[in-house]
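Structures given as structure tokens follow.
In what follows, chain A forms one complex with chain B and a second complex with chain C.
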Partner chain A sequence: MAKHLGDRGRRVLVLEAGTRTLDTWPGHLDAMNTYYAALAKVPNSPYRANAAAPSPDVLDLQGLPEGGYRATGYFLQNGALPYASDYQRATGGTALHWMGLVPRMHPDDFTVRSAYGYGRDWPLGYADLEPHYRVAEHALGAAGDAAEQSDAIGLPFPPGYDYPMRRIPRSHLDHLLATRLDGTTIRETPDAPETTLRVVTTPHARNSTPNPHYDGGRGYRPAGAAGLPNYGERCVGNASCTPICPVQAKYTPLKTQATWSRRVTLVTHAVVSRVLADRNGRVLGVEYQRYDDPAAPGHTTATAEADIVVLAAHAIENARLLLVSGLANSSDQVGRNLLDHPMLLTWGLLDRPTGPFRGPGSTSGFEGFRTGPARRARAPFRIEIGNWGWSWSAGSPGSDVARLLGIPGDTGAPRPPGVFGTRLRETLGRDVGRQFSLQFALEQDAESRNRVTVDPAHRDRLGNPRPVLTYDLSDHVKRGMVAAKAVSDHLFRLLGADDRTAYAPGPFAPGWFRFDDRDYVFQGAGHAGGTHVMGDAPATSVVDPWQRCWDHPNLYAVGCGSMPSMGTANPSLTMAALALRSCEQIDRDLRELRRPAVVRLPEGQP
Partner chain B sequence: MDSQQTAPQPEAADDPAECAGFVDVSVRLTGFDAFELRATGMVRAYHDTTLEQVGRPAVGRFLEDLAAAGGDPEGLTDEVSRDIARAITHLWYLGVWPPLARSTHAALGREKPNTAFVVSPEAYVEGLAWRTFHGHPPGAKPPGFGTWSDPPPAAPARPAEGPA
Partner chain C sequence: MTATPAPSTLAEPPFRVPRDRADLQLFLQAALTLEHLTIPPYLTAMYSVRAGTNRPAFYAIRGIVLEEMLHMTLVANLLNAVDGDPLVANSQFVMDYPALLPFSRDKVPIALRHFGVDALETFLYIERPEYVAEPPGHPSVGEDDGWTSVGQFYATIREGVLRLTAELGEHELFRGDPARQVGPRDFYNSGGEVFAVTGLDSALKALRAIAEQGEGVSRTVYDSDDQLFGETRQPAHYFRFDEIRRQRAYGPHDTPASGPTGPAVDVGWREVHPIDPAAKVAHYPPGSAVRRAAERFNQVYARLLCVLESAFTGDPAAIRTTVPTMLELRDLAERLCRNPHPDPAKAALGLYASPTYEVTEAHFERAREDARLRA
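After this line comes the complex of A and B, so read on.
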């Protein structure tokens, strides 16, 4: 948005709560070393903690031996289940560690309430967003195959459109699964309709081979690394997209930031603590806290005035800021409808090498469960084929090495003898080399009970109230997981795979629960949304279809927090499309504000 | 000219016999040969880490026990020596010093926390575990655009796919 508005001659002040060490190449290399040296290579592991602008971390959650969880760190959690995703407060934000997948939402995803009887409808449809999807695919640098997306998923594209870059090559595992499963039909329950299996390549915001036919034959030049010119113009298969792409072939907002016009001013180390408004609801600006060194206490408070204020701080931070400011909440919906994509992982061994831990984390998926009449009864899901073995599901290969050597997690437990030497090398190679996993991303229905609140008794170092999260999964989502597991069972059987999926409570399973007498463990996807929900009426929603707060004509809250549903698509592309669409309205608002006054003559005079 | 003054002084790291005993033991523990182990550049760091973590006397006993077992780590019967074997192997495979068994930790009277740590950023990058299945450590040694499409070495050829 800053780029878009700056390029149109608007003056933009960007206040960033975190630091900006990552937009230099030395800062990036420092993050690489931090990542290499991290014991747990979780999404936030490359990025330095900042006590002045704290971030949640997935390591803040610990499962208890009999089920349940304990939450430490930035979030306070009091829900039946934990909200299991993190984010990052620094220039570049959470998209520093995103996977970089950019599927579009399905047209059916915008009307889940009216068509399927759950969650909330959007006040917009796919057709309203479609042109902005194309602009976003250009801005993020998307690699995909529009014909395949249209044919396999039913996504409408304008005639002749294709992505800026050719689709990211499929992994060896994708090929193995396609060979064995494409065209096969399965039923998730005996009386359910048939679904035809098809491995479909996923669009990525990752540099691939440019498409010479793009943009009417003008082609596309991949955007390289921020801070190192002419570098990173192709993905080279580092296989660490999350948490960090070493060559920056994956899109991050730092690339856009590097192209900001001089009208855009970035101020870092600036934590916005309050949005200021007058009695009529007009927003005047923001109050923010400046600090020097993240490690040193002390800050000063300053104020920035603006014609229009845009909150773009992450779904949970946007909601927190509105709640702390006491604004935009006449609907009582601020902070509610907290969404994620609850993930169910399944994992096993194929009868031959899968080539694990190579290439992007997921290059293809099964798209046939994303919509259809079954949505009435259970949450839909998208199935990602996981290229990185059991790294997410079981901590491989570190856990395999420890198991083979006889090193249990509990130092007090008796140790099995272990294997060494050639036997260790061969066993590990044979076992890990055949690993694969499936990642089921479930749509979560918007529920007002899932929410962000603030508690003045719990503050961070700068005195800002920390987010309090209340989170649970609906039975609709849980029934989706039952169906996902049933589909997984079918797929593993068809593949002749050795299914090693196991769900049990324990320290690494804070997302454990029982449903219909079976155990499940879900993970967070890092896809927070819903917390300043968009709608068509001020009484029931926080922002209008332009992401403008109903209660404040010059206050925008943008990002996934505006989404009433996220379907089963990774939401960043839709978020970008929405933001680009909002720029049009902001541009109109500013033009209106700056229009010369019209002097009218009193009526009746010549 | 005094040749003694102009000749470069050999540094310890260039000495092929550096930590020869440690490399010899490591070959038996890991199943990788001396050339592969030395090529990681991690020999000195792992040798020093081991001594630092368990102390010279325990390493001495471990070497004696291993010799008594005919050089086969799987023949180690002493639980402390076996745990040291596990730790050194874990170090080589992942670049991570692991937690020792609580009993080992107590028996050695260690005055340091019994927690895992990555020896250095390079240690992670040089982990041997990835090589056992022809992979590479995530975030390092990238094999190149599109390489993930090909079967890994030693995998059977793929049958042709239908149109997809």
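After this line comes the complex of A and C, so read on.
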């Protein structure tokens, strides 16, 4: 938004809570070293902790031996199940560690209430967003195959449109699965309709081969690394997209920031503490806290005034800011409807090498379960084919080495004898090389009980109340997981794979629960949403279809927090499309502020 | 130290403007060999840096060596465009080091050296922007002067391309099969961009990119990546090496005459694995791990050039598969450079092992045989 508004001649002040070391090459290399040294390669592992602007971490959650969880760290959690995702407060934000997948939402994702009887409808549809999807695909540098997306999923594209770059090549595993499964039909239950399996390449915001036919034959120039010229113009398959792409072939907002016009001013080390508004609802600006040293206590407070204020701090931080400011909440919906894509992972061994730990984390998926009549009864899902073995599901390959050495991580029991030397290497090569996993991303429906609140008794070091999260999964989502597991069982059988999926309570399974007498463990996808929900009426939603707060004509809350449902696609592209759409309205708002009056004499005077 | 053998020399084409197609092809094949000549010394310096140190230098050399690979590919495209065959998979293509820089007045040997002042002085000599003599036949140039600089050699190729275009017509001169051109769809990941050469304009653009990425746009320190490719401009190769040598960056207003006045560049001259510039595989004891890695390196290098030759002679998409091969070479080079020289006397001098780039016909035959077996 800063880029688009700045390019249109608007002056933009960007207040960033975190630091901005990462947009320099030495800062990037420091993050790489931090990542290399980290014991657990979790999404926030490359990025240094910042006490002034703390970030949640997936390591803050620990499962208990009999089920249940313990939460430490920045979030306070009191829900039946834990909210299991993190984010990052630094220049570049959470998209520093995103996977970089940019599928479009399915047209049905916008009407889940009216068409399928659950969750909340969007106040706009696919057709409203379509032109903005194209702009977002240009801005993020998307690599994909529009014909395949249209044919396999039914996504409408304008005639002749294709992505800026060619699709990211399929992994060896994708090819194996396509050979064995494409065209096969399965039923998730004996009386369910048939679904035809097809491996479909996923669009990525990752540099691949530019498409010479893009933009009417003008082609596309990939954007390289921030901080080092002429670097990162192609993905080279480093296989650490989450948490950090070593060559920066993956899109991060740092690339866009490098192209900001001079009218955009970035101020870092500036934690916005509240939004200021008058009694008529007009927002005047924000109060923010400036700190110098992230490790030392001490800050000063300043204010910034603006014609229009845009909150773009992440779904949970946006809600927290509105709550502590006492604004935008006449609907009592601020902080409610907290969403994620609860993930169910399944994993096993194929009968031959799968080529794991090469290339992006997922290059293809099965898209046939994203919509259809079954959606009425259970949550729909997208299936990602996981290219990194059991890294997410079981901590491979580190955990495999530890297990073979006789030092498993989750038990205090005496160590079994280990395997060493040549035998260790051979065993690892044989087993790790056949690993594969499936990642089922379930659409979560909006529920007002899932919410962010604040408790003045729990504050961060700058005195800002920390987010208190109350989270659970609906039976609709849990039934989706039952279906996902049934589909996984079918797929493993068809593949002749050795299924190693196991769900049990324990320290690494804070997301364990029982449903219909079976165990499940879910993970967070890092897709927070819903907390300043968008709607078509002020009584029931926080923002209007332009992401403008109903209660405050010049306050915008943008991001996934506006989404009324998580849909069946990774949300970042849709978030970007919504933001670009909001820019149009902001431009109109700003023009409106300077509308000239026509001066005339009163009627009847000469 | 081992007695230094006489440096090897590249067979230079005759001192004249190319007269016909065959002549131009001969010149371009020599240019291809010349572009490759710089790659082993640059890689040797890069991989001798201790891991995690000398990062500005590492990334500068890395960027430059990738641009040399671009130049090789652009020369190959030009040679294909004029209906020639770029040949890289033979033992004459890989020079013995030390080698003399061809087309130059001064006889400066180029050796495989670790990162340091000596290596950088050589690199600066290779990339030096200097007064370029006119092509042969110009009134200011004597008939027997001989080649005086790489710049003059490229200016001569440019003159030949222009004359032959006038003589044969653009369509006839550039009659090569366009399907042989390596393009942006095939892999590239650094300054500039691989583009197809299909006529006079793209041929001249390729020659310009090669000259200006190396030596800079006349009287400036910068290359022309911004004008040619819409990319960020960078100091040209000579000036990027100069920044490391002088431990200071060029600023936006600096000129070749002013020298660099920008911020200091952090260089750790001791943060390297010193190597013996005269190292040969035969110096490593048979059966030792270092010997095996050195032999393997030469074998994999032969495989790399075989793939490259098939990419340049009909299968451009094959160039993608050079990437894992180059990573394999990186790992072998690092393995060598991080092991002490097996000769105790050399190890006592603090020297480490290194790749030797002794790629023989036997290596190429074996690489071709392996490829046949895989297919």
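Just so it is clear, the second predicted complex is superposed on the first by the 599 of 606 C-alpha atoms of A that agree within 3 Å, B and C clash if a C-alpha of one lies under 4 Å from a C-alpha of the other, contacts with A are read in each partner's own complex, and residues count from 1 in each chain.
We adopt the following convention: contacts are C-beta pairs under 8 Å (C-beta built on N, C-alpha and C of every residue); 3 or more make two chains touch, one makes a residue touch a chain.
Small disclaimer: the values here were computed from a predicted structure and weren't measured.
Contacts of A:R234 after superposition on the shared chain: both chain B and chain C are touched. More residues of chain A lie in contact with B than with the other chain of the pair chain B and chain C.
In the superposed model, A:A49 lies in contact with neither chain B nor chain C. In the superposition on chain A, contact of A:V432 is made with chain B only, not with chain C.
In the overlay built on the shared chain, the residue A:N33 is in contact with chain B and with chain C.
By the touch criterion stated above, A:L593 is placed in contact with neither chain B nor chain C. Of the two partner chains placed by the overlay, neither chain B nor chain C lies in contact with A:A502. Of the two partner chains, neither chain B nor chain C is touched by A:A147. By the touch criterion stated above, A:A296 is placed in contact with neither chain B nor chain C. In the superposition on chain A, contact is made by A:H172 with chain B only, not with chain C.
The interface of chain A with chain B overlaps its interface with chain C at residues 33, 234, 236, 247.
The residues of chain B lying in touch with chain A in their complex are 28-32, 72-74, 79, 82-83, 85-86, 89-90, 93-94, 96, 98-102, 105, 114, 116-118, 120-122, 124-125, 128-130, 132-136, 138-140, 142-152, 154-156, 158-159, 161-162, 164. Of all residues in chain A, only 32-33, 35-39, 41, 169-172, 175-176, 178-179, 182-183, 198-199, 208, 234-240, 244, 246-247, 352-360, 363, 387-388, 391, 397-398, 400-402, 405-407, 411-412, 415, 417-426, 428-430, 432-433 touch chain B in the complex they form.
Those residues of chain C that touch chain A in the complex are listed here as 52, 55, 59, 63, 184-192, 225, 230-232, 234, 323. Of all the residues in chain A, the ones that touch chain C in their complex are 25-26, 29, 33, 166, 209-210, 212, 219, 221, 228-234, 236, 247.
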